[in-house]
């Protein structure tokens, strides 16, 4: 086992995320790794196969900047607000480039991540019944129970080349603790060949949490201290979700030029996440 | 949803555990529901299909008292000590009656409990390769991955009629919190048609534990306050495992008459778990 | 209470359909408002499960997303999504699922995937999320959806979630036929909505055919308005139930909840420094 | 250190086989002593996983069971068993598995199920536990087992756990043949032990055949003793490595651990009142 690297986000993305890779930034509404997504945009990665149950704003931004060729997902909207306009533009009009879809239900994505984490070739679910999803996705098939003969839906395992999470804390050894809504983040982490984690803070020792959600150091490739790294999503115990930003994003993303200007100013025009947050502060002031 | 009953263990076993049922008392070394097992012996249940990854002393006692016709399991020993002599006597010499075995590996039992909890007809694992287990158990079969064609082992779901757990705490509504080693207890609980839980204490409110192991009140059929209910196993934070008792059991269980005398004195000769613990106290004094 | 809005009517009427102590898988938006209104009125021990894995949530204000911190803080427990979908939903432990959609057809089939062909849609919608399996596994589902001839349609562009579906006889446009197994309407294998709450009243499935027909109207709505808003020839149930208007208590509670929610959203969230 | 026992030899020699920072799935008994001795000597950052789901345990005394409270208290985290078996073991995240058994054959196949026919055994053993999948998924396995002609046998009564197995040519007695697929010895699909630590020394598999042969002897043991204790004609490796005796530091550490363990076990556990 190698020890997790402690490095900057710039270094981590440069070293571990390559053009063409299958990459999952997970976190279900909570702990979405926005800082890492922005760094992928800054480093102008291309041709990525993005994986995420709920693409959210971070993938809207990456897709709008042409980082992605393919998307595995189950719900691609702005939660409580409406559409992801950059995702729509890519699918409806191929801008800035066409986006291939591997589309599932939440239950199907969860089963695929679980199979990936367990290194099984496929996962099972009772689902995809009497709807059109399987007709449009050859990655939804069926098996028969070898005991009852019942027909059960099957999805192939998802095993990203790289999974990136944001978490509240890591200790100096690289053990990572997640507190609060976790979604399929742990399964996505353990399904990956390489796991990168950004954290709010690095502490001497994690608080004792016998049954808490911990990713041990020896499954982590790199830990990056990145306060605010989930903003405008949130980190339970650190800062709240900026619901107003999510609502505001609808206007920004609706228009290609306004979107590009926003990314230019706040993402490409800054060198790191601290710069991004400062830039938003200046705009808000 | 019905509200969980708060009742005595005598009432709970009388109401929910019937002769012939499939019953799982789970808990992996920790939180083994000994009090419930003893009450099943007191009420002289017969013909049970017992399910448990690690039968342990509690099943040795139930098997020795003729409660069981069948056992689904993966490791039947006295941990760190040796044999379960009553289990061996039943298998080797049919005393007090023959015991049918549904034998798995730990990984197979875990997969079967998970399938049960998820109400899937079967579970998958990479296992049972190049050994004799499948040749002796028709409940170990295989399926082919509908994507890769790979051959993967399959086990049918375990869905006990009743699962019984011991836990540290429940609140007055019947929410149950488990702290520490949990084994496959949660899966066994959620796989069951009926869930009974004995607890060390009933409190006004469970301590906050966002990501802790909680079984919500609406999956619980009955909650029984039963301090010391896991002894000689243990309850993290309440009392330690009595390793000396486990070692001492080897002598008691080795001999049929000595075993019967022990059960007569401490289990059948007492009316409830308080009486059982008092009886051990008197013997120790 | 003639001054109440149609949104308020919908929310109050949906809330009344929820029994106390039922286990409810809550969608965001109107369903979340309805479920919390039920909890704050006649159903104090209703169990609300949000798709983020928060079980038994008791939010003081309505969440914007299905995973706001408020939900985790007030929940009995927070479970990973695979557990939520496997051990709770698929295991049949959910009584009621609440769904929305972009389109619904006369049998309660839902589309939340695309308008137009799947491969070249005119409008790409968010997609399935939890809906197909919520409909399949919850004991009962309700749909909340405002009616226009573009949302209540003769024929779906894509069937995301099965209703009382009659798949073979009314295939959706995109269906390549591979999965086109007919389900008998209203038998036990049918998982369509037991009620559709819309902005003129309530549709319920006919016992014989599973076809949605008008069974209740809000106070100031008319059959003519309902027919105009629905893209298929809308049947009217033999007994058109009068729906009691929102009570003062219901409206007060709902408006209080929404005022608290607006106040909470208006608080500036500071960008982490 | 001629005064050390064979148990101590076995434990020390097994401990030396563990690299620092390796992830080790620990069995109870001698393997647990060996793993903790490694942690207290040359491998302070070894990751010990006990079958109870305790990951990264650092016990002060040796546990009697694989789930003593001490393990949970000192672990980095405690996970449910399905996660342990699926996400850690099956996922290939374990470097070393330590196994015991009642019987071993010349190819490292193990029996921990029955002596005699499965349906009517003369001795019913505890069974498989985690062993078959530990052997299959851990990168490497070690076996610790004291040798007698009844434990080191020509032919197993039951094959619980596959070694370098040659299943087709040497079927175990109970094998009904359904699963009797031959695996080529020592190729990548072979998961047999890379060392068997027994009470006279160490056996390792031959590169060509996978057959276990004597590759190292403890200080006061002889080839004749080894051959007498093994139920098949024991081969001797071309180079019989001398094994360094337990050092003073190793023995002191091991004996200290065992003294602490005895003292802890001697403390009366009060029956809960």
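Some observations on this one:
By letter and in written order, the chains are A, B, C and D; residue numbering begins at 1 in each of them.
As a convention for this text, a residue touches a chain if its C-beta (ideal position, glycine included) is under 8 Å from a C-beta of that chain, and two chains touch if they have at least 3 such contacts.
Here is each chain with its UniProt name: A, B = Glutaconate CoA-transferase subunit A; C, D = Glutaconate CoA-transferase subunit B.
For clarity, every value in this text was computed on a predicted model and none was experimentally measured.
In summary, the chains found to touch both chain B and chain D are A. Interface comparison, B-C versus A-C: the higher count of C-beta contacts falls to A-C.
Mean C-alpha position of chain C lies 57 Å from that of chain D.
In this assembly, the C-alpha centroid of chain B lies 41 Å from the C-alpha centroid of chain C. Separation between the centroids of chain A and chain C, computed from CA atoms only, is 27 Å. Residues of chain A in contact with two or more other chains: 114, 119-120, 125-126, 180, 182, 187, 209-213, 236. The set of chain D residues that touch two or more partner chains comprises 72-73, 78, 86, 90. Remark: the chains found to touch one another pair up as A-B, A-C, A-D, B-C, B-D. In the complex of the two chains, the chain A residues touching chain B come out as 119-122, 124-126, 139, 141-148, 150, 152, 154, 156, 178-180, 182, 209-213, 236. Those residues of chain B that touch chain C in the complex are listed here as 1, 3, 114, 117-120, 175, 187, 190, 209-214, 216, 218-219.
Within the complex formed with chain B, the chain D residues making contact are 28-29, 51-54, 63-69, 71-73, 78, 80-82, 85-86, 89-90, 113, 118, 121-133, 136-137, 158-162, 165, 167, 172, 174-179, 181, 183, 265, 268-273. Within the complex formed with chain C, the chain A residues making contact are 28-30, 53-54, 73-77, 79-81, 83-84, 87-88, 91-92, 103-107, 110-111, 113-114, 125-136, 180-187, 213, 227-228, 231, 234, 236, 238-247, 277, 280-281, 284.
Looking at the complex, you find that chain D touches chain A at residues 21-23, 47, 55-56, 72-73, 75-78, 86-87, 90-93, 95.
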